[in-house]
Amino acid sequence: MPSNGPSVTKAIAGLDIAHRIEQKFPGAVEEAIPEAATMKADRLAEVCAFLRDDPDLKFEFLSSLTAVDRLEYFEVVYHLTSIRLNQMTAIKVKASDRENPRVPSVTGVWVGANLQEREAYDLMGIVFVGHPDLRRMFLWDGFDGWPLRKDYLVGPGGRFPGLERFPGESQEPLGGRG
Amino acid sequence: MTVQTEPFVVNLGPQHPSTHGVFRLRLTLDGERIIDADMVMGYLHRSMEKLAEERTYTQNIPFTDRTDYLAAMTGNLAYVIAVEQLCGIEPPDRAQWLRTIMCELQRIASHCMAVGIFANDCGAWQTPVMHMLRDREKVLDLFEMACGARLTLNYMRIGGVSRDVPPEFMPTARKLIKDLPKKLDEYEDLLLENEIIVERSRGIGVLTPEQAMAHSVSGPMLRASGVAWDIRKADPYAAYDKVDFDIAVGVHGDVYDRFVVRLAEMRESVKILEQALELIPEGPVHAQLPTATVQPIDQPVAPLAIRPPVGEAYGRIESPRGELGFYLISDGSPAPFRFHIRSPSYINLTPLKLMSVGGTVADAIVILGSVDIIVGEVDR
Amino acid sequence: MMPLDAEWYDFRDFGNTVGSLLEQIRDWGAPDWVPYVISGLIGVLAILLWTILSVLAFIWIERRVVGLMQNRIGPNRVGPNGLLQPVADALKLLFKEPITTRNADRILFWLAPIVVFVPTIVVFAVIPFGERMVLADLNVGVLFLIAVGSLNTIAVFMAGWSSNNKYALIGAMRTIAMLISYELIQVLVLLAAVLFVGSMRLGDIVDWQADHAVWLLFLQPLGLLGYIVAGAVEMNRSPTDIAEAESEIVAGYHTEYGGIKFGFFYQAEYLAGFAIAAVIVTLYMGGWTLWGLEEWVPGWLIFLTKLYGVFFIYIWSRATLPRLRIDQLMAFAWKFLLPLSLVNVMVVGGEKLLWQEAELSSGEALPLFGVINSAVAVILIGGWAWVLGHQRPERVAHRALLTKELGTIHFGEPAPTV
Amino acid sequence: MDDTGTVVAFYLLSALTIAAALGVVVVRNLVHAVVSLILSFVGVAGLYITLSADFVAVTQVLIYAGAVSVLILFAIVLTPTGDRGNQETFLRLPALLLALLVAFTLGYVAIDTDWAISDREGFQQTASVIGEALLGKYVLPFEIASVLLLVAMMGAILLVRPEGAVEGE
């Protein structure tokens, strides 16, 4: 990860953290890329507790929790910080059921996930199983749909394509989404 | 036999003088004691995360002004740092120093409001906040000099800042930071030992360090709980690794400590500014950007056309309210695939119920004031 | 004291003017009750006029003074220096639609602003504005002050309850709880003053102070302090504006009021302030006398100058101090002021007894008592505060700890002192 | 009761007191009832003034109109909302009978008694006379009443104390 200036925070890469988790919980890691390690949903709670309590990791601080709509599946991204050891990592978990995405809640491990999971539920529609108070946060009860999903309010010609190219940009083939 | 009273539900807000915007706190009271507290928000929700997915990376900078509108500079910076991480851009030195200066000025301005409004929440009838607005205005004058705006600044750019500061900026800034310590002394004289402030805020809304960390509380709130954690030191961005400053921490984790931590941070900001104004080098303020190949049709759009490689980045800085992070996912198109704001105001509200249950309505107000939320950032 | 001229143009005492007017009416052969009624009417009108003018003036003064204290300008648009701002405000309030919320208790909602106004203005009936310038010179003037002051509570409760608003109800409950506690303090401190002077008639108290050429302020500093605090509570001013705590319960009991009904509450609040200041001036600061100056300067002018001066203290405190919490305020009344004012009553009673039994001359007794009481006040306040403070050693001011070590935890460490 | 002013005042105040007292009984809303009770107290205070008992009058306002009514208001506000109406109960008829009986007795006694008129002058300063009487001739009843009130107060506090409440904070 290119960083801005000499970083003091030790960023534990996804591959590294996946390796450590794999040692403790074989089969808990679904896949690992440099940015983050993806956990299996059913092993999430114990892995998180391990990440929090392990003396070498001590990720006591859940920096950020958010959900991403990857079109084929949803993923929930956890950015973890260890305040005492000054290190950081990111883990992910996938929810592949588009109609009813379910992910175990980590409120039991980090209470700070409470509001952030509610936000992800509110805007992305991901049900966090085990969350003590999973209600809409910003939108009113009874709001129809999950606005941050890519297919929210699909137009007549399919999903609104967004900004694919800059105005006047050459039409050469694009990588990624295009 | 005991006196049985009915629980009594009071809606503090959305229209209320002390909710710092349109924020609603639903309190269930037994007499004056709070037995339950529930937050209702979303009155200012503008769906920025969705809007940002349809706009280019550069077009998204103004959104970040409007989340935390009392600290627009830090909002800008957190976002551009995330984009720079995504693209691997290294801004030039002068830009880094300018960012440091602006962020610290912004921190002073924001803490002025936070401390002043906190005193207001304690019931001081506008006097501290009026005095603090005086100093905030001077900071805003500097911002106006630098970028023409006072509130929604839009000063930071991906790869640097929008323009260099005018020549009269540095002398004015030097004069301001020369005067500021005297003003801070004045505030400390007025507020620090004020018996009523101490009575109102000591022992109220206590968070132990373990609770604070578990609740993902950040910024002055976390430091007030005794945890020496500051991203400026832990993960230095801009030019913070080249300046010397201390982390202000509290030792009781109560409302009073949050207030003294903010006061002390203003002093530390002055310290940083003193060094930054000495050390800032001359040079360009904008890096060369890897722009997409765009044919200029009628106007030069080239410098804006950034197309980061596929990937994701979590850029975070220490905003006046805590850890402000931007989680960006790029799919290689001109617009971010996912744009998430980790807003400190919102997440700092997590332990609100824990802190306010058992206290009185007056305590809840003071606690809410000590969290220092900006509803624009809570709702986004 | 030099006898007054008794000519109608001697404005040192408006009583002269009224007296000669009544004389004239009597000369025309009107029945006895006519001058009686007319003098009463004149007094009532004079007090009403004075209160309205004073309130208007003080709205402007307070806003300008507080503006000065807060580094801003204050009203300066309407008229020269914004002088007409209060008039404009009053007109605005008059022409505003009188809104009654749907589920309010209509009768009480409309009655409350009127009821709140009555006791605050009736208080001025017993205040001697100058020599013979008192509307009703009651024998039990001091008691009357307390009794009428306590009626305010009812009006506030009516307003808060009838609004059918939760903030208003909380405000009303707070007011009642507060006023009950502080009425006790008021009674006790005034009792000490009455005990010392030996009369409940306010005129007698002023005369006593003039005769002995000493203000009770010097003889009963503790009583004065207690009354100032209790007065601040009664008139709902910061640091004790808990009943209408803006940052907590919006506007307390008058949250739902607008237009002229709110205007009544607003004016009643100022009037209560003037009443408290008037009582302080009369009881503790020699009323309309000023060591002989009242022979040359109209007594009412001296009285009003003192009154406005005392009221200024309240403006000042409003611009300076934050607000206490309700339980802290109550604790302050019961744990601090009440014991102190009880001690005050006992000390004063003992002194009175000593004075009578030992047959001291007032020249000997009063300086002695003044010194003793000041010392008692200082020792009691300091000592009691020390005792109460020792119960809560954690309530001290401190600064933030400065550290460079990242990730350390400093919770529970001793904090650097201020 | 010789000059017209006093007579007019007496009848006006009596009318006020009786009307307000009736209001207490008739009005359905409990808070309204308390407000008219206060009005009736004030009326009684006025009656005391016409009898040149100024100390008693002011005390009436202070204690009854001020303190006692506030206590009643407190009690009403603390009662659950459902019970706040001045509802009809089965005790209506017995209460009416009892009230009529009391009224009749009082009226009969008032008319039947041969009221002696004192030839002594009225007091100028009632407060000092009352004070001397209370602390001189009637000091024992006065002290007993004080002790009784104190005990009642402590009993009340004890009754409403929550089980196992700790002293202080």
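Lettered A, B, C and D in written order, each chain numbered from 1.
Everything below uses one rule, namely that a contact is a pair of C-beta atoms (placed from the backbone, for glycine too) under 8 Å apart; a residue touches a chain by one contact, two chains touch by 3 or more.
Since this is a predicted model, take the numbers as computed values, not measurements.
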- prompt: Which contact partners do subunit A and subunit B have in common?
  reply: C
Pair joined by more contacting C-beta pairs (C-D or A-C): C-D
Interchain centroid distance [CA atoms averaged], subunit C/subunit D, Å: 28
Message: Just the number, please: Cα centre separation of subunit A and subunit D in whole Å.
response: 72
Message: Suppose each chain is reduced to the average of its Cα coordinates; what separation in Å results between subunit A and subunit C?
response: 62
Task: Mind checking the centre-to-centre distance between subunit B and subunit C? Centres are C-alpha means, answer in whole Å.
output: 44
- request: Would you mind listing the residues of subunit A that make contact with two or more other chains?
  value: 83, 86
Field: Residues within subunit B bordering two or more other chains
entry: 227, 229, 233-234
- request: Return the residues of subunit C touching two or more other chains; collapse runs of consecutive numbers into ranges.
  value: 406-407
Contacting residues of subunit B [partner subunit C, same complex]: 8-11, 16-18, 32, 119-127, 130-131, 134, 188, 192-194, 196-200, 202-203, 208-209, 223-230, 233-234, 246-253, 257, 260-261, 263-265, 268, 360-363, 365, 369
Message: Per the contact definition, I'd like the list of subunit A residues that touch subunit B in the complex.
response: 1-9, 35-36, 60-64, 66, 68-69, 77, 79, 83, 86, 88, 90, 110-116, 119, 123, 136-140, 147-148, 152, 160, 162-170, 172, 174-178
Query: In their complex, what parts of subunit B are in touch with subunit A?
result: 41-42, 45, 47, 49-50, 53-56, 81, 84-85, 88, 90-91, 96, 210-211, 213-218, 227, 229, 233-239, 241, 292-297, 301, 305, 307, 310-316, 323, 325, 327, 329-335, 337-338, 340, 342, 346-347, 349-351, 379
Task: Note which residues of subunit A are touching subunit C in the complex, please.
output: 83-86
- prompt: Once bound in the complex, which stretches of subunit C touch subunit D?
  reply: 33, 105, 107-108, 111, 138-140, 143-144, 146-148, 150-151, 153-154, 157-158, 161-162, 169, 173, 176, 180, 183, 200
